[in-house]
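The same chain A turns up in both complexes below, where it pairs with chain B and then with chain C.
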Partner chain A sequence: MSAQHHAKPAPVGGPLFNGVTLIAGILIAIMAVILLVRFFYGLGSVTAMNDGYPWGIWIVVDVMIGSAFACGGFSVAMLVYIFNKGEYHPLVRPALLASLFGYTLAGIGVVFDLGRWWNVWNMYWPWSVNLNSVMFEVAICITLYIVVMWIEFSPVVMEKYGLYELKKKIGKYMFFIIALGTLLPMMHQSSLGTMWVVLGTQVHPLWQTPMVPLLFLLTAVIMGYAVVLFESCVASSAYRRSIEMNLLTPMAKVMLGIVAAYIVVRLADLLVRGAFGLAFEMTLESVMFWFEMACFVAPFFVIGTEAQRRNPARLFIGGILLMLGGSLLRLNGFLIGYETGGGYQYFPSLPELMVTVGMFATEVLGYIVITRRFPVLPREA
Partner chain B sequence: MSASIFDIAQGDLAAVEQRLRMPRREFLQFCTTVAATLGLPAGAEAAVAKAVESAKRPSVIWLHFQECTGCSESLLRAEHPTLEKLIFDVISLDYHETLMAAAGHQAEKARKDAMAQHKGKYILVVEGAIPTKQNGIYCKIGGHTAVDLVKECAADAAAVIAIGSCASWGGMPSTDPNPTGASSVAEVLGKPVATIPGCPPNPYNFLATAVHFLTFGKLPATDKLGRPLFAYGRLIHENCERRAHFDAGRFAMAFGDEGHRKGYCLYKLGCKGPETYANCPTLGFGDAGEGNWPVGCGHPCIGCTEKGVGFAKPIHSMAKMLNVAPPLQYPRIAEEIGKGSNFASAAALAAIAGAAAGGAVMLAKNLGLSHQAAELEKAKEAKTKAEA
Partner chain C sequence: MTTRRNFLKGALAATGAIVGSGGTAGVQARETRKVPPEALGLLYDATLCVGCKACVAACKEANGNPPEFNTVDQLWDTPLDTSGDTFNIIKMYRNGTMETKDAETNGYSFMKTSCMHCADPSCVSACPVSAMTKNPVNGIVEYNPDKCIGCRYCVLACPFGIPKYQFNDPLGRIGKCELCRHRHKDGHYSACAEVCPTGATLFGRTEDLLAEAKRRLALKPGSITTYPRGRLRPAQEKALQGKDTGEGNKARHGWRHEPDQSYEGVVGNYQQHVYGEQEYGGTQVVKLSGVPFEKVGMPKLPPYSSAATSETIQHTLYGGLLMPIAVLGALTWVAKRNVKPEEGEEE
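And then the complex of A and B:
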């Protein structure tokens, strides 16, 4: 922990029942009904998935993109604990909370998508595991990370209920948990990309590259910071609090550095593999590629200068652009640039969309309830 | 064994050509077919040819008890050219009630003579079950009961072959309540014998077993029920031509329905193929080509080669699966390939994107305004500070 003095986190307080929570609740109820149908009558009863597209937005958006959005906790923790930038400490808890929800829901979201979900226990049954499987690596890593994050977050709950003794005891081992909490997401965020390597020629050459684990790791970190920017701006607007600009402005600079590195790696990879030419053909894939690249390049014009980074509106837009860029990278590789031949096509069905919407509503509702009742956000001066 | 039929010199087979009155080419074809049916290694056809060629034809005594003579009939009706000739020329059929010209005491004498002359060398073939109740009085030939006859003839036989389901395990006559106490040859003799069950069995299974004995001096390897493994080693279900329909879940549900007319699997009509060991699907009946067997003709297998199945289970009751159980669900034949977007989902996606974009714009605007206000205030503060 850093020796610097920060404002202690405290519950925001206020009512739990308002317009936003009501809408979130309704969306969650719709999701619950759809999932009930899905679990009794199978995937085909609610989704538009087929043999050519064995995964849809439940995996790509809820799990792949959802877990990348949830990298805020890991990205900030890396900054604070690995690079010893203690001044960012007040950002850890809110970022961790968002990650906690993102990952836990991603983990649950995987089960929605499993055709034979009742066999899921095999994943953790030592006699059933396949150690050579990328899927297994991802599954076990995400599960471990969810557990690790709950332990990381447990002091918040202990503070709320006055379990200071226990918190002290756990605090002694927290360094190990935090170290594990930065290692695990690095492992599985890169492994999520490895799946493209495994899928081979089914993925469009603009995205199918042996470098994809690195691309996924870099974008996961970028999206983590972007989400912190986004989340800080939204929380301050919603709760009418002042924004931690003194932290966000320098953090945005760190983020841009990683974005620059990402763009270099991305373009170098395309050039070396000779796939860059495909970006200039008139196809849906090339259009989506440029859209994706634009999202990574545009932030340099939006928050490129120090003065621009002091403007929360610009930080907010920059954050959204990078979240969109990272999301498009995943969406493009896993669905838009993914072709299994045989005339297969996929567009999410309405119930499928509503489940994804419900997942995000769950995240919003959970965030509101916990920040209002538990000590997560720094106490307002 | 290394010598093949191509090593047999032209003149070598002149005698057999003469005796069987069949061209050399046809004779060698027959020997090769028999060797292949038995699953013998390459080169065995030469040994078969050599054995058949030699004039030392084994004596065969063929007994009939509780039966319909269907086994003999199927043997005679085999339309493979010269097969009947081979049956009666390859072996020396010394006693066969249906086929022999002799009658009465003359017939009895033929049996006694053959037994005395070929003592310990002849083959005993039994067709039909043997009644055992009330000292076996339900079946008598020449004043002797079937029990006595089979015991007498088996005593000095080199090999005993039970042909047909009745002789093999009791067959139809032994169906409950079995008033005559119909029993198999093995049960009466109290020792295992080679069995060729089936109602009737494929003649080639019998022929191949007999030629194996002729060639190697012993009967082929059998399972524990005495059935030669080359013919009864696999379930009908395993090699059935309709198996793909079973695996895909395409079943005939009633005689004459669409599935039945399309040749779908007969499992749900009570086909006993999944619990019956026989080579029916791989060795067609009557030399009329493949598909010429009960299942091929659209009738479920009744399990005639299997004790406890044939004539015991109702024909249309479902078979017990001995290896694979049918799945509860089946994959579709043609998978859906997806319909693309529809109005509702596209509109919902657009609405979500629109709401998100609108919210983001509003939020950014507010943040920008408050930033502007803060900057103004800061400037004002700096101004007042400077003024002060």
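And then the complex of A and C:
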């Protein structure tokens, strides 16, 4: 197997305290203060959410988009273990780490947003659960997936502390954990889209479709690869390491194939439902729709050819475009294209934004600490 | 309707095929549920409403809700919309000179806003923890704050914008009309109907209320007819009236004894449409109006509930966990071949 020849992962090392971690720390402290206010004075005290827009960026950005960004682990693992592309193996650990953080934070982010968080145990209480609720399915899958990912990641921790016996034991069952870790995100990433089906006519027809689970699934996989491109470029420049172009170039091609499939499904759905005409009316929705579509089409011009895909800067831009496209799909359906009537307005407040920023800072800080201290990134030759 | 369903099936089959393992041959779209036979509800007739807002005040009192201030002097309860502390309001429609009541042009009208107690409610389908439930007998959509996690998915899902959340309370709850179910045990019914001076808000069995609404639509505008007030008594109950007092009466239908308060009035100029008979697959609260419903803030809705669409998708993909287990089996098989047991070990 080609995987055998890859460099073993090793801690990057270096100081934990630097400019980046200091700024991240400050942002996290600001978030903590805002959250304190939120828990003592209610959601209305720090957010701009209201009864017309009961979900704001804490759910749509931190949880919906955040978890889709965290699909790198799943997307790469699928490539390596399901489609048996062992050559991508070195990408698994860093991607998994980012996913682990992304999801764990998305899970914590949900609690910040829950108005009656002390009742959250009902989600797992057999006499309370509602099997008809899409949110219930999403919540269970995400919870399980977080556990599964920690197990998937546990060998890294065991390596660090020399628990080789335990690691071997877990390794025996790892194939099942990996299969589960592929199924669960498929389930909940598609269901995150199904969540807007029940909103019915309140969601603009450019987004309201029974096909939405498929749209969300495809874009989650796409965003997973896009994030890997993005992260690999950032990690390489931040840690002054060479970029794994030999892996990223072919992976970008796989990703573009899925993007093409997505565009076909998206347009076919609009045509079959007869909603495509709405894209040509001058509305905020139609403008946002084209913005969203452009983000999926543009990568073909940026990284469409093999030569272009060998250029790290282009891969980076292509990754960002697709991350943006997938984010816009989610933002458009849940916020921009959502209209409940009654003239409600929503734009996130500053403290609300600072919590989202703080969550991002937590992610960056965690990633730095772990890659510097634990064997995640491939050892530099 | 058929095309919609066929499309849904096609869409699901496609999704299923991608997710893996087929198995969608028997895709069965779930029909929108019907209201239960003993459903309770309200009939709101905008042509009878005089805009006195007695029902708004009564609703506040019955539910122990605090006043909301929107004027500078902060003297009166002046909610602008339903909220976590206001479950019922009367909204006003105005046009031009506002000369004629119930006229679309140069007229005005009122409209009651409170929970419609849908036959197949989105809020119930959405709620992950069964804090919103539909009573199987009387169909009242009930809220249980002891289960509610405050996710506000119900707020998002309701097509009428009814459940509201108390955003300014760290212990905030969802607020919504529960048809005054807490008053039923004392023989009281909806406070808004009890106090309505004109019978514009009428409490009763949905079936009877629908019949009453249709009776009104069949009358000639301007003619004189009898309007009940408070609670709509079914015909068979009227036949028995006077024979039973107090106890017997209470045992039979459970409601407090009240004198008949019906009165004679002029028939309004109705839109020939009972709002809530078809909308969203039917609602237990039904409405009549002189001004087109969309103009008075009642949304145009399809004759089926999105809860049915959503649950069809969910149960097609996850019913009995058949598909996930099949996919997991396939994935496990493939992964077992591709994952070496010493995964991540010295390479």
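Basically, the second predicted complex is superposed on the first by the 377 of 381 C-alpha atoms of A that agree within 3 Å, B and C clash if a C-alpha of one lies under 4 Å from a C-alpha of the other, contacts with A are read in each partner's own complex, and residues count from 1 in each chain.
The criterion applied here is as follows: a residue touches a chain if its C-beta (ideal position, glycine included) is under 8 Å from a C-beta of that chain, and two chains touch if they have at least 3 such contacts.
Note that this is a predicted model, so its numbers are computed, not measured.
A.B. asks: When the two structures are laid over each other on chain A, do chain B and chain C clash or fit?
C.D. replies: On the superposed model, which is not a single observed complex, chain B and chain C clash.
A.B. asks: Contact-wise, after the overlay, does A:205 reach chain B, chain C, both or neither (first, second, both, neither)?
C.D. replies: Neither: A:205 stays clear of chain B and chain C.
A.B. asks: After lining up the shared chain so the two structures overlap, which partner does A:316 touch, if you call chain B first and chain C second: first, second, both or neither?
C.D. replies: Only chain B is touched by A:316; chain C is not.
A.B. asks: Just checking: does A:25 make contact with chain B only, chain C only, both, or neither of them? Give me first, second, both or neither.
C.D. replies: Neither partner.
A.B. asks: Of chain B and chain C, which one touches more residues of chain A?
C.D. replies: Chain A has more residues touched by C than by the other partner.
A.B. asks: Is A:234 touching the first partner chain B, the second partner chain C, both, or neither of them?
C.D. replies: It touches chain B, and chain C stays clear.
A.B. asks: Just checking: does A:304 make contact with chain B only, chain C only, both, or neither of them? Give me first, second, both or neither.
C.D. replies: neither
A.B. asks: For A:50, select first, second, both or neither according to whether it touches chain B, chain C, the two together, or no partner.
C.D. replies: Both partners.
A.B. asks: Under the stated touch criterion, which partner chain does A:155 make contact with: chain B (first), chain C (second), both, or neither?
C.D. replies: Only chain C; A:155 stays clear of chain B.
A.B. asks: For A:176, is the partner it touches chain B (first), chain C (second), both, or none of the two (neither)?
C.D. replies: second
A.B. asks: Once chain A of both complexes is superposed, is A:342 in touch with chain B (first), chain C (second), both, or neither?
C.D. replies: Both chain B and chain C are touched by A:342.
A.B. asks: Which chain A residues lie in the overlap of the chain B contact set and the chain C contact set?
C.D. replies: On chain A, the overlap between the chain B and chain C contacts is residues 44, 49-52, 342.
A.B. asks: Which residues, counting only chain B, touch chain A once they are in their complex?
C.D. replies: Touching chain A: residues 335-342, 344-346, 348-349, 352, 360, 363-368, 370-371 of chain B.
A.B. asks: What residues on chain A touch chain B, complex-wise?
C.D. replies: 44, 48-53, 233-234, 237, 243, 310-314, 316-317, 320, 342-350, 352-354, 357
A.B. asks: Quick check: in the complex, which residue numbers of chain C touch chain A?
C.D. replies: Touch list, chain C to chain A: 7-8, 11-12, 14-15, 18-19, 81, 83-84, 122, 124-131, 145-153, 155-157, 159, 161, 164-173, 297, 299-302, 305-307, 309-311, 313-315, 317-318, 324, 327-328, 331-332, 334-347.
A.B. asks: Please name which positions on chain A make contact with chain C in the complex.
C.D. replies: Counting only chain A, the residues touching chain C are 1, 3-6, 8-9, 39-45, 47, 49-52, 54-55, 80-82, 84, 86, 93, 113-117, 119-120, 122-123, 125, 128-130, 132-137, 139, 155-156, 159, 167-168, 171-172, 174-176, 178-180, 182-183, 186-187, 190-191, 194-195, 197-202, 209-211, 213-214, 217, 265, 269, 272-273, 338, 340-342.
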